[in-house]
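Mind having a look at this structure? Questions to follow.
As written, the chain order gives the labels A, B, C and D, with residue 1 at the start of each chain.
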Amino acid sequence: MFQKILIANRGEIALRIERACRELGIATVAVYSDADRAALHVLEADEAFRLGPAPAAESYLRGDLILDIARQTGAQAIHPGYGFLSENAGFAEACEKAGIKFIGPTSQAMRILGSKTSARQAADRAAMPRTPGSTRGLESIEEAYAVAEEIRYPVMLKAAAGGGGKGMRAVMRKEDLKGAFESAQSEAERAFGSSEVYLEKLIEQPRHIEIQLLADEHGNCVYLGERECSVQRRHQKVIEEAPSAVVGPALRQRMGEAAVRLAQAAGYTNAGTVEFLLDSEQNFYFLEVNTRLQVEHPVTELVTGLDLVHLQLHIAAGEPLPFTQQEVQLRGHAIECRVYAEDPDNGFFPSPGRITRLLQPGGPGIREDSGIYEGWVVPMDYDPMLSKLIAYAPTRELAIARLLRAIDEYVVGGIRTNLGLFRRILNDAGFRNAEIDTGYLDRLLSQATAAEEGNSEDVAALAAAIFGHHRATPTLAPIQPPESGWKHIARREGLRG
Amino acid sequence: MKLQLEMAGGLRTIELERGEDPHQYRATVDGLEVAVEAHLLRPGVLSLIIDNRAYRAVLEDHAEEPTVHLGGQRHTYRIADPRSLKGRRAHAQGSDGPRPIKASMPGRVVRVLAQRGDTVEANQGVVVIEAMKMQNELKSPKAGVVAEVRVVAGGTVAAGDVLAVVE
Amino acid sequence: MFQKILIANRGEIALRIERACRELGIATVAVYSDADRAALHVLEADEAFRLGPAPAAESYLRGDLILDIARQTGAQAIHPGYGFLSENAGFAEACEKAGIKFIGPTSQAMRILGSKTSARQAADRAAMPRTPGSTRGLESIEEAYAVAEEIRYPVMLKAAAGGGGKGMRAVMRKEDLKGAFESAQSEAERAFGSSEVYLEKLIEQPRHIEIQLLADEHGNCVYLGERECSVQRRHQKVIEEAPSAVVGPALRQRMGEAAVRLAQAAGYTNAGTVEFLLDSEQNFYFLEVNTRLQVEHPVTELVTGLDLVHLQLHIAAGEPLPFTQQEVQLRGHAIECRVYAEDPDNGFFPSPGRITRLLQPGGPGIREDSGIYEGWVVPMDYDPMLSKLIAYAPTRELAIARLLRAIDEYVVGGIRTNLGLFRRILNDAGFRNAEIDTGYLDRLLSQATAAEEGNSEDVAALAAAIFGHHRATPTLAPIQPPESGWKHIARREGLRG
Amino acid sequence: MKLQLEMAGGLRTIELERGEDPHQYRATVDGLEVAVEAHLLRPGVLSLIIDNRAYRAVLEDHAEEPTVHLGGQRHTYRIADPRSLKGRRAHAQGSDGPRPIKASMPGRVVRVLAQRGDTVEANQGVVVIEAMKMQNELKSPKAGVVAEVRVVAGGTVAAGDVLAVVE
């Protein structure tokens, strides 16, 4: 096993990897931008190195600097987390050349599966069902018309290098194809530096189901069940759960085995996820591969009892998988909410700023993976995710109840969060009946919210008055600072800071 | 102590008198009497018992919008000084006169869509701010003429900063 | 299911039960003594009633008051937690007569299994192995001599109503029996109001293994595996784990089935635990029954994936167990530390007082069941347990590593705790090899502690100086209180608090 | 700022000078120079970086025994005012003269085992305190005569209270 690794990330995922390393006796090197000097991932690391100014391009995306720090500190491996450099094949290759282990697949496997078009070709080689459509970038609008004609409208235009909904367009009619093609190309060019787009059949009201894979460097590959991530807003996952309410053992096995075939055909190693769309007739279609650890990995950890980051580290150190497919036990149900600094009542505007008050939930079955604390200033420079709140319980119904209980305990003050949105979703009959697809949340948000019961405003007004009373006339004994002579010494030294 | 709070449900008048036990209050809410027992557990966290009902009230320290979290709901309030209340309300509701466009969050100015002297409609975008990888268009609160633009593309703004003024 | 229940307890267990109730949609009534008005179990309840002054006899043991409050509030059931009234058959009977469900066994079953001598008779009827010795109270020293002669020294004297090591004496030789008999009787009389003591064979270097049971009111009873609680100080459990490193499937089944037989013979219902001693030849001996939820129930919850408090509530509401013995799945390993306000470096003196600083651990696999917060004054009137820190991981080795990681994250300031003791135990080779028995911890404590690496004192000194510097010359912008006119209004009103 | 700290490993002399960046310090520890970067995350919690080593230091506010928690270890210290240091040390170490028996924790007095005028041995029990269901015997720090008993059975004591004095 490694003695020391560098963690090329920030926020909750950097802290989560540090915890795994501490448990395995591995020293950690953190990196940080100027916006993150006071972040928890710096506090909890063994070593910490400044990368540069706040913008990611000048800090967390500086692979060259990160490799230099790894060399300088003697770190034997780099964990990229998710986002930033995690799916950058060039960086993975630079690590390989520098003799520093990139904790993820090889750059070669990443190249095969990282591009959506190339991954679709690999899917065909692995005899895996995929959406009808092209497996190469479209070279002209004429080709686009031809493919669309063949697979029939409605169709989806997608960026080959895409992610997060960028460069993606649903096209319902031939008349709209040309405009969508051009705008998707230019958006893809801006977002990913590649204008390659392709066409696929639009699956109507699909569920998003994905398979978690682990592959060691000795040819063993297992699937750890599925996650359902159908609750999305603008193609971004909002709630994830495991297992899916509509995936039974037979379908799970078919999807799992298809995902394993694809991974093995591409020489894939370490943790990865194969994403599928599932239609209302339980047909599944290959969507894409995420060649890294995912945000939503904790729901799989809770239902399998495994620690995916531990396993990533063991695999990267060259060890064989410590269990077989038959030994994977799924038990219970887990649901994750992505808690964001954003204001659902105001167009989901981001809400960076200082967290002036923080009460975090806990107790049975609740896991919170977060990188925040009371007093922390959430920077405006990065993704607005504050934490991941995850509930585990024997059944889906109880996991929902538990998550709602934890949300009631959770208070974030000073900035806005989407906690109220989760309360709404988790209480919605459609969600509770698992009647969800990737359009579910947009439909819910288009409905008017029910008026909340308002009789608590009297009590809130009283509380506000009493808070004010305490502030105006503090009478509770505050915690006494140690009478340790500081003021005296400071005065004597004429200290002014 | 007597005070008025502007809340979502309207104006609330609270009278508060502390009892002999410093945790006991006699209070009235809009004239209705209640006995309240209140313990401040730590700054910003109150344990209230009213008629044996228990409540957790958490104060969100926020200069612009002090807010009490209670039972999963957010209650934003504003202390109404009785002497200045009428004036303030009238001011806030008027649509005449210059109106500012304020940044609702800190961020970077990506684009300025209207220049000084431009005529804008109500809800027309004037400035685009980027924060946390998202772009947000800040809109004119009224139809009128842009009297002032205080930011330039590439600059940084804090929450509450006035970006432009529409007359 | 109940609409509302009363929780006749305090601290972490009251909060844990409140969380379960909230998850099941049950309203909660909390009770509190004057020492606990500012406790979290009051804060998080729906209703809260004062019982009386701090001493338990005037508050948490006032069954009469508690029943009155239950009647007044319309609570349909009372959950007694552990300790206090939880094993008081008289209280259980008073609940039955008042038509309020006691969440636990019937008073009759509690009487059969609550007394150690009566439970030993029940064990004989259920053909369960027990330690050799008497099954009734000793009537005279002559009877004591006769029994000891028959079962051979060394022997144990135990109080029939006992618990927590009170009224318990190990006797190695005949000469010591008389003195031990008399002192055990008088200690039992003082502690439990009953001087009944009995004799049993002393098992040398036993392990403490216990079986968790759940029995519904329709004749179904299951065992949920075992817990090992061999790490004890003065007969008090300090660390508990599940599963035991020395219990295999066959032994688990034999012990589990014996425990179920005993419970069914006694007409036992709801959650309960049958405690055994296990000798080095894997012989097990019935020890006693705990007729309530136990402190250490979370380790069983983590390895079974179940929620025992949920199940207690369902059973008490008359529902059948929702699973069979065959459906119970054990997976992974869980270890719990009982974090106490006591000073291991100073004779384990209790350390009540204000918690001036609190950093709580979190992240994957960590559960903390606690009832404390920063600023809380730990009262001197009750048990010194602050919280239970529990780690779950795929293996025992990883659970230990995870627990150590969490202990490193955990900081309690202002009072002393036994966190350092857990660090020592969890790093001890004997514990790591699971070479533990009920004498293990006393042996460990009799050894000198290894000197700790001291090179961090330089950094601590620097930190102390910088803390002082901040205190003397505060330069960081504090969080701004709302400029909300409080001071102005307070002045105008001439408010003085 | 220069100060001396009494710690378990002996006396430490710290000099501290803040740099232009308010988070940067130039410091010496017993004469050895170090550059420290320190951020106070919240009251009592410091993030230190020294030579790219990261540390979490947590201050335990405690009037009697200020303590820094660092990497799982507790470091209790005392600010040594150079002018009073010698006197205080001599005082603490002397075994002559009257010596108090102090309560090490809050609790209730269960029994008083020695009366004024009794002769006691070093480590002989003088007062029994109960807290958290445990009884604890507080012992005489030296052989001598009980000069004063300040508590009675049934009374309540706070941590640090003088229970008795032995001469």
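Everything below uses one rule, namely that a contact is a pair of C-beta atoms (placed from the backbone, for glycine too) under 8 Å apart; a residue touches a chain by one contact, two chains touch by 3 or more.
The shown structure was predicted, so the numbers you read here are calculated from the model rather than taken from an experiment.
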Which chain pair shares more contacting C-beta pairs: B-C, or A-B? A-B
Centre distance in Å when chain A and chain D are each reduced to the mean of their C-alpha atoms: 47
Whole-Å gap separating chain C and chain D, where each centre is the average of the chain's CA atoms: 32
Residues of chain D that touch two or more other chains: which are they? 1, 3, 18, 22, 45, 61-62, 66, 79
Which parts of chain A, given as residue numbers and ranges, touch two or more other chains? 44, 356, 375, 408, 414, 468-469, 472, 475, 479, 481, 484, 486, 489-490, 495, 497
How do the chains pair up in terms of touching? List each pair. A-B, A-C, A-D, B-C, C-D
Touching chain B in the complex, chain C uses residues 30, 37-38, 42-49, 73, 373-376, 479-486, 488-490, 493, 495, 497
In the complex, chain C residues that touch chain A: 15-16, 19-20, 22-25, 44, 298, 301, 305-307, 309-310, 329, 331-332, 354, 356, 360, 362-365, 367-370, 375, 392-394, 398, 401-402, 404-405, 408-409, 414, 468-469, 471-473, 475, 479, 481, 484, 486-487, 489-490, 495-497
Complex contacts: residues of chain B adjacent to chain C: 1-3, 18, 22-23, 37, 39, 41-42, 45, 47, 49, 52-54, 56, 61-63, 66, 78-79, 81
So, in the complex, the side of chain B touching chain A is made of residues 1, 3, 5, 7-9, 12, 14, 16, 18, 22, 25, 27, 29-30, 34, 36, 38, 40, 44-46, 48, 50, 55, 57-62, 66-75, 77, 79, 104-108, 131-134, 136, 159
In their shared complex, at which residues does chain C touch chain D? 341-342, 346-353, 356-357, 359, 380-384, 407-408, 411, 413-414, 420, 423, 452, 454, 456-470, 472, 475-476
